[in-house]
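Here subunit A shows up in two complexes: once beside subunit B, once beside subunit C.
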Partner chain A sequence: MFGNCADPGALDGLAWLGCYLTTGKHMSLYGSLGTVLLLLAITAPTALLFGFGGATAARSHVAPLRWFGKTYIAIVRGVPDIAFFLFFVIALDQGFEYIRHHVLCPEWPDTVRQGNDFVVCAQAKLPLGNSPQWVHETYGFLLAVLTFAIVFGAFAGNVLFGAMRAVPRAQLETAEAYGMTRGQVTRRVLIPQMWVYALPGLSNLWMVLIKATPLLFLLGVEDIVYWSRELGGAKQPQFTDYPHPDWRMWYFGALLVFYLCFTKVSEIVMDRLMARLTLGQATAGGEAQRRAGA
Partner chain B sequence: MKKLILSTAVAALAAGTAFAQDDSTVRLGTEGAYPPYNFLNDAGEVDGFERALGDELCTRAELTCEWVTNDWDSIIPNLVSGNYDVIIAGMSITDERDEVIDFSDPYTQPDPSAYVALSDGIDLENSVIAAQAGTIQASHVASMEGATLLEFATPDETIAAIKNGEADAALADKAFLEPIATSDAEVTFVGDDVLLGGGIGLGIRESDAELREQFNEAIQSMKDDGSLNTLIEEWLPGSATF
Partner chain C sequence: MEDCLQTITDYGLRSIGIGERLLPRNDFTLCQQFTLIGSGMIWNIYFGTLALIAGFFLAVAVALGKASANPLIRKPAEWFIFVFRGSPLFIQFFFAYFLFLSLKGSYPIFSPLTSATFGALTVLFLNTAGYSAEIFYGALQSIPKGDTEAADAYGLTGWSKFRRVVYPTMLRLAWPAYTNEAIFLFHSTTLVFFAGFPAFQQKGDALYYARYFADKTFNPFVPYPILAGYFILLTLVIIAIFGWMNGRLNRHLPSATRARLRFRPQLIR
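Coming up: the complex of A and B.
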């Protein structure tokens, strides 16, 4: 990056550090920070959507839909995250390829499972074997988003299910007395009111989601923890221009600060949101706000 | 509108099929944490003995290759499920692995493994020995009576373990330990070398016999004209040549 980085052995102090922290490898570390933030930005709303779908299904009057919603929430909440991430993603990927295989090359003579191998025809590969690396990475990233959304969606579904039931029954009855249909009651009264009950649970989930991002590397996405471990490990002079002993403590220390700051900022935002949602609600918090204002 | 979407989908599908009929890229999976065999250089790219070897093999076999890094722990499962086509990660040929995947001809002679520790005079038979999980060294330590095996996900962590006193010694390929022992005054070789494994080969899916043949021919041609020996001398000084 800087012009004088050609011979780092001759540098010392800040100049050395400046060159060291701008190597291609460090750029990958900074880039992976973006990956993690992007993952959170996409996963949180998607998981909320999944959760909303799950909660609505679990409350449905149609029995199969209700069973589906309850089963989804129960199964995903019951399976350990690691097992889910290791098993489910490979299964999901193979499932996609299996379907494409049957659609795209029905005349294929061999079976898909050959001993230990999972072999589909070249056209059915996802992504295609000759796609550039960024396509493979994007595909891996999207699989990760989907898996995170399914896992956290189940937890969010449980929270929202509880929140929907916490909305005072009297309010819904009043709405019904005004002649609103079931759909109108849900849209106009239930959903706007449930957030105040859901937010403590959801903010908890958000915190857990932030901390769960290192699971990304299980899915082959290189995240900040992977790069910190890789960069922090001892480096011998034969293989790098910047030899150093084991520096993982510093890298993980920086990660610690990053995660703490991130969760702190989240807490502040959640508190503000809570204050906003409590306004005028028939809860202890809403009552306290009213008294303070009066 | 529907027609438009449909025809776009058909076009995309057709394009995808057309692409796939071209010569497919061969994806090479490596660990990227095991110098001098494979590691990430300062630019974050795969480098080392196997980078030079893999690129040369692909040129000779007239294949388009692409490098991918993967955790050592899941390197075989990801090969068999088709996420890449070849493992080129300093993987020794053993019977256990051969049951799951196939190997090419070896491209190194059986390389000695060695112990490192902070001081001489360690009773290796009765001590705590660190090794990378899922390696021939780890199974060797597990088979030693009296010694306790301490496994780590990366080879680098085994060295960190002897430095912070968690383990008494670490066992790894000698070619990996050599640069560490020379540049780090604290760490020295102890005990005798042990010969493990049947040389290092490329790991290839059992159903991919054709690809294995192509690579075997390329390896043979590099053995014949001596270019493999040149690479071994350059990257793995002290290792036996062909």
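Coming up: the complex of A and C.
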């Protein structure tokens, strides 16, 4: 990184630390912080979309759709979520390969599940056996994102379903009195008005989502936990230019601080957002804002 | 059926090291999966119960600390709650494990803490204390003003006021949220053997064995639903126990105004 890092053995103190913290592997660690942010950036809207779909389905007038929505929302209750994470990653992977297998090689004679093996034809493998390394990594990451989105979508669905029911009935009745159809009431009144009721739940969910990101490690993605373990372990002088004893404690301490800062910033942003959304609402918070302004 | 009884005697207490030493390696039967995953539940119940009981007392103390007017007491309590609620439990486990490991290097007295039995229990204890303290603090803040005024009018002060008025009311108000915290704590015990703490001689919890089977058979559709079934049962038991306690706490109230216990899980921590 820096010119004077060529011979780390001769350095000491801060100069050594500066060189040590900018090695290629440390860059991967900082890059994996980006992975976490990317995961959050993709998962949060996707989960919200899933949750919205679930909540809308649960309110549907068509019975099977309603049952589906309610089951989806209820399914994550009562079972540790980490079990879902471990389950969905394999289940989704096998599901995709199973479907591709039936589409791509319909003449395959054997069954897919043979004892303890799951065998699909070579064309159905995901990703294909001969694809480059980055495709495998991206596929693993996308699988993790989908898993997060399904699980957190159910949580978000729960919150949104509650929020839709919390919108004062009088507001919807007013809209109906103006002659709006059911769809119009939903689009023009229910959805704009529900956010203030949903936000406390959603902000809680966001905090929970932040705190769930280290579970990427369990899903086989090379994330911050993976790199902290790799880099923190004791290093012998014969294998590296930067020998050091077991520093994993410091690496995980740094991760702890990183997450604490992230939570703190999120809290501040959420408070601002809440103040903005409460403006002019018929709630205790809105009333307090009106009084303070007057 | 005979085989299954044999399996139960072999593996029923496998998670605490009693019975057959080797785990099944091939030809996994449904019975083996049920038995081993059920055997792993011993750990989940052990961690959850002890952490919950010990954490309760610390949580009450921290909640009172956070409500204190003295900043020397309030600030540490606030920080305690922030640290344990603001960071992932998964990272807390890793950090604590490596912390105990390096402490063990200089002070051998810490060596029990590097095992899951005591180390993970300590982390869970502190973690649940942090979450419960926030719940109890919220309850302390919402004690009706009339209750404390009535206590003042009776001349109750200090300890007797706390014991007779503040504490029971706080518990009563916090109980529904605390029930969720308890359920949720039991769920998070599944993280223990995935976060640094080693499963010595393959003595692990329910999820450890469920993952073992899923990895060996490459079929997630059997072990994970079994695990889910066990946890739903455990959740129902917790709700029953806490519901009974809730009834005790509210027994002086007319039944219509009692707070109903609703199961609203807080998700992951």
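We take it that the second predicted complex is superposed on the first by the 291 of 294 C-alpha atoms of A that agree within 3 Å, B and C clash if a C-alpha of one lies under 4 Å from a C-alpha of the other, contacts with A are read in each partner's own complex, and residues count from 1 in each chain.
Everything below uses one rule, namely that a contact is a pair of C-beta atoms (placed from the backbone, for glycine too) under 8 Å apart; a residue touches a chain by one contact, two chains touch by 3 or more.
Note that the structure is predicted; figures quoted are calculated from it, not measured.
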{"item": "Contacts of A:Met27 with subunit B and subunit C, given as first, second, both or neither", "value": "first"}
{"item": "First (subunit B), second (subunit C), both or neither touched by A:Gly293", "value": "neither"}
{"item": "Partner chain in contact with A:Gly183 - subunit B first, subunit C second, else both or neither", "value": "neither"}
{"item": "Touching partner for A:Lys211 - first (subunit B), second (subunit C), both, neither", "value": "second"}
{"item": "Touching partner for A:Phe252 - first (subunit B), second (subunit C), both, neither", "value": "second"}
{"item": "Which superposed partner A:Gln123 touches (first subunit B, second subunit C, both, neither)", "value": "first"}
{"item": "Partner chain in contact with A:Ala83 - subunit B first, subunit C second, else both or neither", "value": "second"}
{"item": "Contacts of A:Pro106 with subunit B and subunit C, given as first, second, both or neither", "value": "neither"}
{"item": "Subunit B and subunit C contact sites that coincide on subunit A, given as residue numbers", "value": "86, 90, 94, 116-118, 217-218, 229, 246, 248"}
{"item": "Subunit B - residues contacting subunit A, complex", "value": "13, 16-17, 19-25, 27, 32-33, 35-36, 39-45, 47-48, 64, 66, 68-71, 74, 77-78, 80-83, 85, 100-101, 154, 156-157, 159-160, 163, 179-180, 183-184, 205-207"}
{"item": "Residues of subunit C touching subunit A in the complex", "value": "26, 28, 82-83, 86-92, 94-95, 98-99, 101-102, 183, 187-188, 190-191, 194, 207, 210-211, 214, 216-221, 224, 227-228, 231-232, 235, 263, 265-269"}
{"item": "Subunit C partner contacts - residues on subunit A that touch it in the complex", "value": "77-83, 86-87, 90-91, 94, 113, 116-118, 155, 204-205, 208, 210-215, 217-218, 225, 228-229, 232, 246, 248-249, 252-253, 255-256, 259-260, 263-264"}
{"item": "List of subunit A residues in touch with subunit B within their complex", "value": "23-25, 27-28, 86, 90, 93-94, 97, 104, 110, 114-120, 122-123, 125, 128-131, 133, 136, 217-218, 220, 222, 229-230, 233-234, 236-243, 245-246, 248"}
